[in-house]
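Here come two complexes built around chain A, the first alongside chain B, the second alongside chain C.
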Partner chain A sequence: MTAASVVARRRALDAVAPWARRNGWTLGLVGFLGLLLVYTKLIQPSYDSSGIQGLAIGVLPLALAAVAQAVVVMSGGIDLSIGSMMAFTSVVCATMMKGQSQEFAVVVVLGVLVLGIVLGAVNGALVVLTKVPDIVVTLAMSFVWAGCALLVRAAPGGAAAEWLRNLVLGSFISEWIPKSAIVLIVIVAVIWIPVSRSRMGLSIYAIGSNRLAAFRSGIPVGRTKLFAYALTGLYAALAGLSLTASTGIGTPVPGPYTLMSVAAVVLGGVSLAGGRGGLFGPIVAVVVLQVIRTDMTFLSIDSNYAYVAQGLILVGVLMVGSFALMRRSRA
Partner chain B sequence: MTVTADLLLEATGVSKTYGAVVALKSASLAVRPGEVHALVGANGAGKSTFVKILTGVVHPDAGRIVVRGRERTAHSPAEARRGGLISVYQEPSLIPDLDIRANLRLTETPREPFRHWLGELGLRDLDLSTLARRLPLASLRIIDLARALAIEPDVLMLDEMTAALPANLTERVLDVLGRVRGGDRSVIFISHRLIEIAAVCDRATVLREGETVGVVDVTAGTEERIVELMLGQSVEALSARTAAVAGPESRARAATPRISARSLSSGTRLNDASFDLYPGEVLGVVALEGQGQDELFDILAGSERPRGGELLVDGKPANFRHPADAIRVGLVYVAADRAEALLMQRSIRENIALPFSSRLRHWGLIDLGREREKVDGAVATLQIDARAGGEVRRLSGGNQQKVTIARWVAGGVRTMLCFDPTRGIDIRTKTQIYRLLRDMADAGAAILLYTSELKEVQLVCDRAIVIFGGRVVGEVSAAEGDEPTLLRAAYNLRSESAVPEGVAAMLASTSSGADASTPAGPGPSEVPQ
Partner chain C sequence: MVRNGIGRRLGALAAVAVIAAGCSSSTGTTGPSGPKTFTIGYSNGGSVGNGFREEQVCTAKAQVKMYPEITNLTVIHRNTDAAGQLSDIRDLIAKNVNAIVFNPNDPDALNPALEEAAAKGIVTVSVDAYVTDPHTWNLYNNQIKYAELGAKWLFDQMGGTGTVWYTRGLAGHPADSDRDIGFQTVLKQYPNIKVVPSNSGVFTGWDPATTTNLTNDFISSGQYDKIQGIWASGMGKQIVDAIKAANKPFVPIVDADIGGFVSQLLDPTNFPGLKGAAVTNTASVGGAGVTMALKLLKGETITQSAGAGRPNTVLLDPVLLDNTTDAGKAALKAWQSVPGLDQLWPLSLSIQGWTTYDPNTVPASCKGA
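Then we have the complex of A and B:
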């Protein structure tokens, strides 16, 4: 090896190393996911493209819930009403679409998205105006939104427009590329990339990272927080729509989406203290959690153990994370 | 040094370093039984670190502390307490949501002696079932002191507890301390007010740059000796390089002042601040800790609203509701504590871009090209070492401070409010910051610079105002502003008279209200009768 090539390689490494260090957690998570998929194939040789499609459809609502949670956590808050908002928006969507035309369904979808923004904005406004801690306000509001969902529809039912169902079911170009994965990427990219590039995105990170510094720099802290909650509401509504789209009905009782979204956010490397992390990590984390559940089914382990395992993984991750943080602050 | 057996408390060779910063080199303190002993030192002399070590909050790197002849290693304030040392701080240590009785039970304070001392201190009729949070700050301090006295500690340490206390209560406190003296118990008295030290203390230990530089018996005229000890020999060496840096005085005095403060007041600390800041000058602010300068800067930066007074910016009245309002008219703030100013986990780019991108009116995309240009320009101007630019917390303290300045330079500075911007950073960066401030002033910016390092006044400022007890008490030009002059001014001493008038006044009149040199905050005087 010549000296020049060594220098060149060193330079390339210098360019990549900081990026890798900053995204080390997510990279590790992606690696872990790869291993998990290989393991899945080993224990269940028949796992193929249809398995991947099922995985993607199962992941979609939870991934959007995790993205919703990640946005608000990055701003230094937390939203425990995501599951209820999903149920509310989902039943509204399914109820209004039943027996209506395909064209009307477009209006319904847009209306539900606006509803999501309003729900999130109400959460945010309450947090900002009352100065009651986020966790209390959103926990209380989770009962309100859950109640609203039951008022709209007391039992599962309703319908989803055909085009909405086709949007997430099946595959695109190759049978290895599920449509729901494409939908997820498009939804996240179309909303988050402009936001993160605007002053609002920077402000969201700023108030999560250091409220005082943000305030002193002239950032409107309250307005930014309200915006973050509204954005969370929008993503929760998208998650609710994806539930209706993938099941074809609306279910008024929320699944364990709220706590799973917190778990995914933590596992995805977003600091619960705010100001750090992105949206890619939580999405990968959701996939990891889903694959673990699938594997447990293949190994015919009681599905209740899956919850135990997820909880243990979460505790382990938090421990590793705080150890790393302690060592770094001591250095 | 006296023989150890005679001493109630003796600390020798105490040192402490934080990373590269030496907070304490070799501090010593010897307290005799029955005396009131003052501990003095200018800002940054290591006084607060020494106090923390004595009270067990911080563990020293080296040195011994002997109490009544027995070596003591306290790892917590509770252990120091059991060892017979109790402290009373400026911030009362009462639990706000408990009533006074429950607070007493918490520290196992005997009721009767507490009542006695409370009476002595002028709060005889206090209702013990009052919640601590409902009492004014001044009363809480008195209760805190009475509680400490009731426990009858070997050594009672009072850390700036008379600061911002109304004059009548201060007198009571000093009076009681005078009576406690004698016996075999001692008091360590820490205060910025030399007048009070002259009134009650027997001896004084002086700290400078982390070392004990002298112990003096307090008699009439000791203040001068104490000030000399605090200053040391460093004065002459510095005055030589002053002229080169400090620019011409009072340029463009005829122009409208960028900032005119008229009798600004806030809380109990800031009572009457009036001054003008002109374009093209660096105006120093000299003050001991806690004289109201924090509140003044908060008002100017828009973080807090004044209780009274008027603020004019470019000749027009200004009423800031939010820092954004201050930034809009060009008043930008640089904090001493980088943790207050930076997004530690974010990149240099984001930290610099934070405020000026927020000034853009539209919500659209940040123009990354233009932003990068500005950020790169600012990084170059300030010579920031951006290699570890991914996360600001990986930068050195000096580079972090440069980032906080760079964010305003990138947007174009008109008026910069610097609150001790060189605290805790290396000398090379300090010099760069001095140069930068000078350059900005020469380019027409107005700069207000509070500094805890008095020598900076001659290095960068055109003139300096002195704040004492929440009032602007004087102005010093850079030419006259050597360290002795500034320190005397900061302690509100006339440099001519050996004995400040205040001492005589305070000793003579024990019943009258405030005298000229004692700040009487109008706020906390509503002590319950």
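Then we have the complex of A and C:
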């Protein structure tokens, strides 16, 4: 081994080691997911690429909801209206696409994304202007957005453009790479990488970590919070679009997405106190929760136990988290 | 922390995909060709706790026990949306069951997963409502006839003249829409019958609390005093209770064969002067769906209902019984034969030719898997 290669290896190690330390929780979660998939294969030997495709389609709306929640939680807030925003954007999309051309559907998708940003910005503006706690404002707004969804459509229906449906169905290049997984990675990367590398991205972490310190360092706290909520609205709209894409309809009554998103954020290593965490952890957490549900089906266990298991995992994670926090503060 | 790591994290996500790929490299080959035993998956994607849905799942469990060739029944019974039910059905496909029986959350939304099931040779049966997937068989109660039978009985009781309070179910639900078609058809034949609050009726959402509130409002506003009949869509018990609580005289009412409502019809001491009829809306479609799936797996021919308006469909015809004659009362009493049945559950527990279990075993079969 030459000296140069040793240096190169050390450099690589130096680069990876701090990252691994910081992301220990997420790496552990990835490891757990790996074990879970091995276990799945053991109890259901026929679990194959079509199973992975089904998993990816099922995960997509949940993962986008989790990403939406993660953004606002990192800024020190929480959004309990994500499920309602998803229902609202999904019914608007399905209603407007019914009977329209494939080209018009592109306009609809762009319009729905703008709608999501507006909904999120309204949430954020109310939080910033009224100074009422985030949890109260967004809980109240969840009823407003759910009501709007029912005004658009009283019952499930509408349609989705063919290209939108094909975007999430099936696989890409290899049958082991589901299209919906690619869509998820692209959506998250295209929006989050530029944002997180910008001043605004840093500000989101800063106001979540210590609002007062951020304010004193000259960060516009109100504007940053508004931006974080608008970004959450955008991801919620993408989650709503993914619902319409996978089902071909819009459903006005919100699904169980809000609480699942909070669960995934906690399990994904994002601190509910704000300022810590990333988007990768919550996505892995959603996959873990979904695989647990699938395994319960394979084992013929009552599906309602999946909720119990998810709740217990959350309590466990929160306990471990606060224990670690206590030790750190003592040290 | 913010500025680095995104690329690596995406790399790690790719690694997960590789791990996933690596640990599941073989493809399933166990198809339905050949095995003499079968496994069945059951998906109910909503209204957990609703009497009809609970009874439906229990009848499926009871019917499976009648077939030794069915070695396993996997039930996914939870409240979710169409996207969630899609994922449940895909889980059942991944489990390699031979047939999937399900109560659909939507007529169109489940089609992608149903196509995937058909491609794997899995038989799919939709119960309680239809789906538009061409490979799937549908088995459900004839809701148009349900409404027609009840409306005709009610309008005849009223002597063909007067005002009817038209209380419906859940807006947009296929069963509710079909019932409206039946109601409107009969209404056209009785020109002297008026409908309140309007010809399109009022929605209870099939929710007991909503129904009680609606009825209380209807009575306190004085509108109840001006009607001569009530057409109900499964919430008759709550309506009758509210009328009794307000100390008003009863008007003729027609509803489904829910246990609590039939008890009221047979209890002249507590409900004096209550004239009513119950139309069957059997929840045994769950058990019947299992039988249909097994017939399809064995390659038996199934006779389709001609009047269904869609292929691969079997419609179950409802029956009406009333408490205006002694024979009717005796027949209603016979419906109450199963002890321990919940008040909010439909009474008719068997469908000739489709269910073979002893109805008495249904309440107990809810508990086991």
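Simple rule for what comes next: the second predicted complex is superposed on the first by the 315 of 331 C-alpha atoms of A that agree within 3 Å, B and C clash if a C-alpha of one lies under 4 Å from a C-alpha of the other, contacts with A are read in each partner's own complex, and residues count from 1 in each chain.
Quick note on the criterion: a contact is a pair of C-beta atoms (placed from the backbone, for glycine too) under 8 Å apart; a residue touches a chain by one contact, two chains touch by 3 or more.
If you're wondering where the values come from, they're calculated on a predicted model, not measured in any experiment.
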Max touched-residue count on chain A (chain B vs chain C) belongs to chain C
Counting only touches as set out at the top, which of chain B and chain C does A:138 meet: first, second, both, neither?
-> neither
Output check: A:197 vs chain B and chain C. Expected answer is one of first, second, both, neither. What do you get? both
On the A-aligned overlay, A:205 touches which partner chain: chain B = first, chain C = second, or both, or neither? both
A:89 contacts which: chain B (first), chain C (second), both, neither? neither
Which of the two partners, first being chain B and second being chain C, lies in contact with A:49: first, second, both, or neither?
second
- [ ] Would you sort A:219 into first (chain B), second (chain C), both or neither based on which partner it touches?
- [x] first
The shared contact residues of chain A with chain B and chain C are 22, 197, 202, 205
In the complex, the residues of chain B that touch chain A are 301, 303, 322-324, 326-328, 333, 335, 339-346, 350, 353-355, 357-360, 363-366, 368, 390-391, 407
As the complex stands, chain C meets chain A at residues 1-6, 8-10, 12-13, 15-17, 19-21, 23-24, 26-30, 48, 72-84, 86-88, 90-96, 105-106, 108-113, 116, 120, 170-173, 369
The chain A residues in contact with chain B across the complex are 18, 21-22, 194, 197-200, 202-203, 205-206, 209-210, 212-220, 271, 275-276
Within their complex, chain A touches chain C through residues 19, 22-23, 26-27, 30, 33-34, 37-38, 40-41, 44-52, 54-55, 57-58, 61, 154-157, 165, 169, 174, 176-177, 181, 185, 189, 192-193, 196-197, 201-202, 205, 243, 246-249, 251, 253, 255-256, 278-280, 283-284, 287, 290, 293-294, 297-298, 300, 302-304, 307
